[in-house]
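Next come the structures, one after another.
Note that subunit A is present in both complexes that follow, paired respectively with subunit B and with subunit C.
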Partner chain A sequence: MTSMDQEKGHIVEPAVLARVWGALVCLTIGLVSASLASPKLAVLAMLVITPAKAWLVFHYFMHLKYEGPLLKGMVLVALLTLVIFISMMFLDLGFR
Partner chain B sequence: MSENGRRDYQGSKIGMWLFLFTELMLFGGLFILYSGYRSLHPESFHHASRELNVVLGVANTLVLLTSSLFAALALTSVQQGRHSDGAKWAWLTAGLGGVFLVVKAFEWGAKFSHGIYPGGKALLALPPGEGLFYGLYFTMTGLHGLHVLAGVVLLSVMALLVGKGRVHQGDCVVLENSGLYWHLVDVIWIFLLPLFYLAA
Partner chain C sequence: MSYLDRQGEGGLYSWVTSTDHKRIGLLYLTVMTVLFWVAVALGIVMRLKHLSGGDFLISARAYNALFTVHGVIMVFMFVIPGLPAVFGNFFLPILIGAKDVSFPRLNLLSWWLFLTGACLAVLSLFTGSGAPDTGWTFYVPFSIRTGTNVSLAVFAAFVLGLSSILTGLNFITTIHRMRCEGMTWHRMPLFAWAIYSTGWIQVLATPIIGITLLLVILERAFGIGVFDPAKGGDPLLYQHLFWIYSHPAVYIMIVPAMGAVTEIIPTFARRCIFGYKAIAYSSLAIAALGSVVWAHHMFTSGMADLANIIFSLLTFLVAIPSAIKVFNWTATLYKGSVDMQPSMLYALTFVFLFSIGGLSGVMQGALGLNVHLHDTYWIVGHFHYVMFGGTGFAFFAALLYWFPKMFGKQYDPKPAYAAWALMFLGFNMLYGSFMALGYMGMPRRYFAHLPQFHSLHIAATVGSWALVAGLAVFYANLLIALRRGKPAEADPWGGKTLEWTLPSPPPPENFDKLPVVTEAPYHYNPKAPA
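What follows is the complex of A and B.
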């Protein structure tokens, strides 16, 4: 990718976007099926499939895949901050 | 625009992402609140979740995922110089946002008709854990709904601007930023679906 791509925005082909949408729909069907199958599978699906869906949206629809290291780093720091807060909450509940 | 009249494309996008981080933290805080209360009242959350309409929740997920695709297609079309297609996709995105809100209104209406609304007698009569679940449900889906409403207005304005040629192939960062906002609203719903509708 050239610096010009980063500056003016990368063009994602409609076929790629359609495939990502298809994957998102399939993952949603998987998530619902797992939640109907068993409680353990439902929790597992929620922990795996939901972040995977969010990753697809961030990566392709929001063009993060085509961004430079600065934006990617900023998003990583924001998400890590959120993970730290969530971990602190569960640590507090776990050791109460 | 910078002093020499050139738009700072990268700076504009970074500014939008910084705004999106504040949105992420806003909903993140509510997700933490939900997780904390759920761990204290697992049975009540499980029971209350069974009363929500999974079909409507999943249908709205598919509506938002499709609207996200349309928002991305709107940007791609404008970037490729197909401006009328870009305006069409932006209108369709806003339209699906409207569909989402109508479905949500039916869902809330059904709950209201059973007396389940903030301060409602039926809600106050429920066990404390179920009251917390519905309190979080109305707060989080309501706040998300307001974001969808803002997105519908934003995408409609974008469709008009693209149609009038004010947003075009050479300068479409405002459309890209509007798309980023819409996709984040979609991501938030991706997490709301399993927390509320599939929690049972």
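What follows is the complex of A and C.
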């Protein structure tokens, strides 16, 4: 049985948060630069850089890194659902 | 002291600021009942119009507005939130031995968002350049081109969706974190399992409709071109995104209804539920499979053949977990000491009507037949059998079952039986006629009808009068019971789940001392394993 009093507190070092923020800024600059360079590169950059940014936000700012397997599993379910929905839409979009 | 008469907390302000899950459940019940009757009134006007095949009573434009607002209110404000918001809020914490939900303030915020969304939807009728006329589906490109007040109605649906997400999140967290000692997953009442499955659909699917509806507003306001074919957009993309939510929403409606029925049947059959685990996991299976069948609403839209075939196959599969429940309910009744109290009668009516609605849904999953039936009155009949015959009757069954616990008053069963007779007769006359009309080729949402459809339209309208008379008797009986009903016992039905261990109505924080659960629910048979 889970309960609130079994939770372990944690404090993320400000330096870690600052490094993550710096990484997000760099990735954003990379994304904008790629978008300006060429449309094809823009799509590639969005597919690669945007999930990387989301991963950083999930892990550090939303504290997923410090959560137990249950919560991580729930986030995974949400991501898998999204993948399934998008994939199944391509059954139509890809073969219309 | 009960939650209804907390000292110094009886005024309206104390109710609308209360974080007590039971009071919030009653707030939802009150608002939904009012909205339900508004939508019923709109439906009646539509039926009266069809007493004539041509111009009669209202204009064609008003007719379009009526079916749109009737659908928006019934779907987004009564049927989808109905059982989870009212009975989920009231009973989930009690059923799992908790004092409240995990986030009581968020729960109150959900209700305020619900109320805001409801007000916006009603406001959309009377403001701007005319009531929305798109139908509750807001299909593009019409919804982005019509000059009526679609943006406000769409935004109302967006706010209602936000309320639904927060409620689902609250329920999932509550079930994971707040179960009392001994309340293992497999000792949890099946209504709680149903609410858990529903919560996942609410959290995973609702954001998609939220974003989609915002895109419609942006399309209307700025012409961004995502859905507008004139700008290179894809109107079928809207249909995909809309139904990715709105088909699972059918299961947000029906799964808690099944959960409530699963509580009622063993109580009045005096038998341990047959196939506890099968019923519990079939709720999850419905939630999962029901989320991947959305495109069966689009078979005639011009979608790719491959998608048509795959979604047709998946649609057939979703019947399996639903059938598991029906077979298990039937097996529970077998050799039981059935006590046909009103709530049991309504619950069994749910099984009957939902079976018609569900099986007609499987028929529509067949590609060839779907072409014939799509956008006809058959579809309208089918989804009313599911939504009203299913969720509606289960809602009434749950209300009759838990009414003594919620209000501490007992109602007179005779008017409840009379109401059932009127509703059952009226319902089948109304929606059975719809299915026959659709099979004959009567298109849905048409203002006028041809002479060959007239007799069945008359039958449907007469049925609607009987249905509304039944509803009036049903609600009048409960209102009378609220004022003059005899005090209810703690366990008037001989139920075995935790709510029946509490006084009627329950105290503010449910349990003075949190219970310790040592056996499975529905423990009617002494020899059954705990």
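One rule holds in what follows: the second predicted complex is superposed on the first by the 88 of 96 C-alpha atoms of A that agree within 3 Å, B and C clash if a C-alpha of one lies under 4 Å from a C-alpha of the other, contacts with A are read in each partner's own complex, and residues count from 1 in each chain.
Simple rule for what comes next: a contact is a pair of C-beta atoms (placed from the backbone, for glycine too) under 8 Å apart; a residue touches a chain by one contact, two chains touch by 3 or more.
Note that this is a predicted model, so its numbers are computed, not measured.
Once the two complexes are overlaid on the shared chain, A:61 sits against subunit B while remaining clear of subunit C.
Put subunit B and subunit C next to each other and count what each touches on subunit A; the higher total goes to B. Of the two partner chains, subunit B is the only one that A:46 touches; subunit C does not reach it. Residue contacts after overlaying the shared chain place A:78 against subunit B and subunit C alike.
In the superposition on chain A, contact of A:91 is made with subunit C only, not with subunit B. Judged by the touch definition given at the top, the superposed model places A:14 against subunit B, while subunit C stays out of reach. By the touch criterion defined above, A:70 reaches both subunit B and subunit C. Within subunit A, the residues touching subunit B in one complex and subunit C in the other are 70, 78, 81, 85, 89, 93.
Put simply, subunit A touches subunit B in their complex at residues 6-9, 11-14, 17-18, 20-21, 24-25, 28, 31-32, 35, 42, 45-46, 50, 53-54, 57-58, 60-63, 70-71, 74-75, 78-79, 81-82, 85-86, 89-90, 93.
Across the interface of their complex, subunit A is touched by residues 9-10, 13-14, 17-18, 21, 24-25, 28-29, 31-32, 35-36, 39, 54, 58, 61-62, 65-66, 68-69, 71-73, 75-76, 79-80, 172-173, 176, 179-180, 183-184, 186-187, 190-191, 193-194, 198 of subunit B.
By the touch criterion given at the top, residues 1-4, 70, 77-78, 81, 84-85, 88-89, 91-96 of subunit A touch subunit C in their complex. Residue ranges of subunit C in contact with subunit A, taken from their complex: 176-177, 179, 181, 183, 200, 203-204, 208, 234, 236-237, 240, 244, 291-292, 295, 302-307, 310-311.
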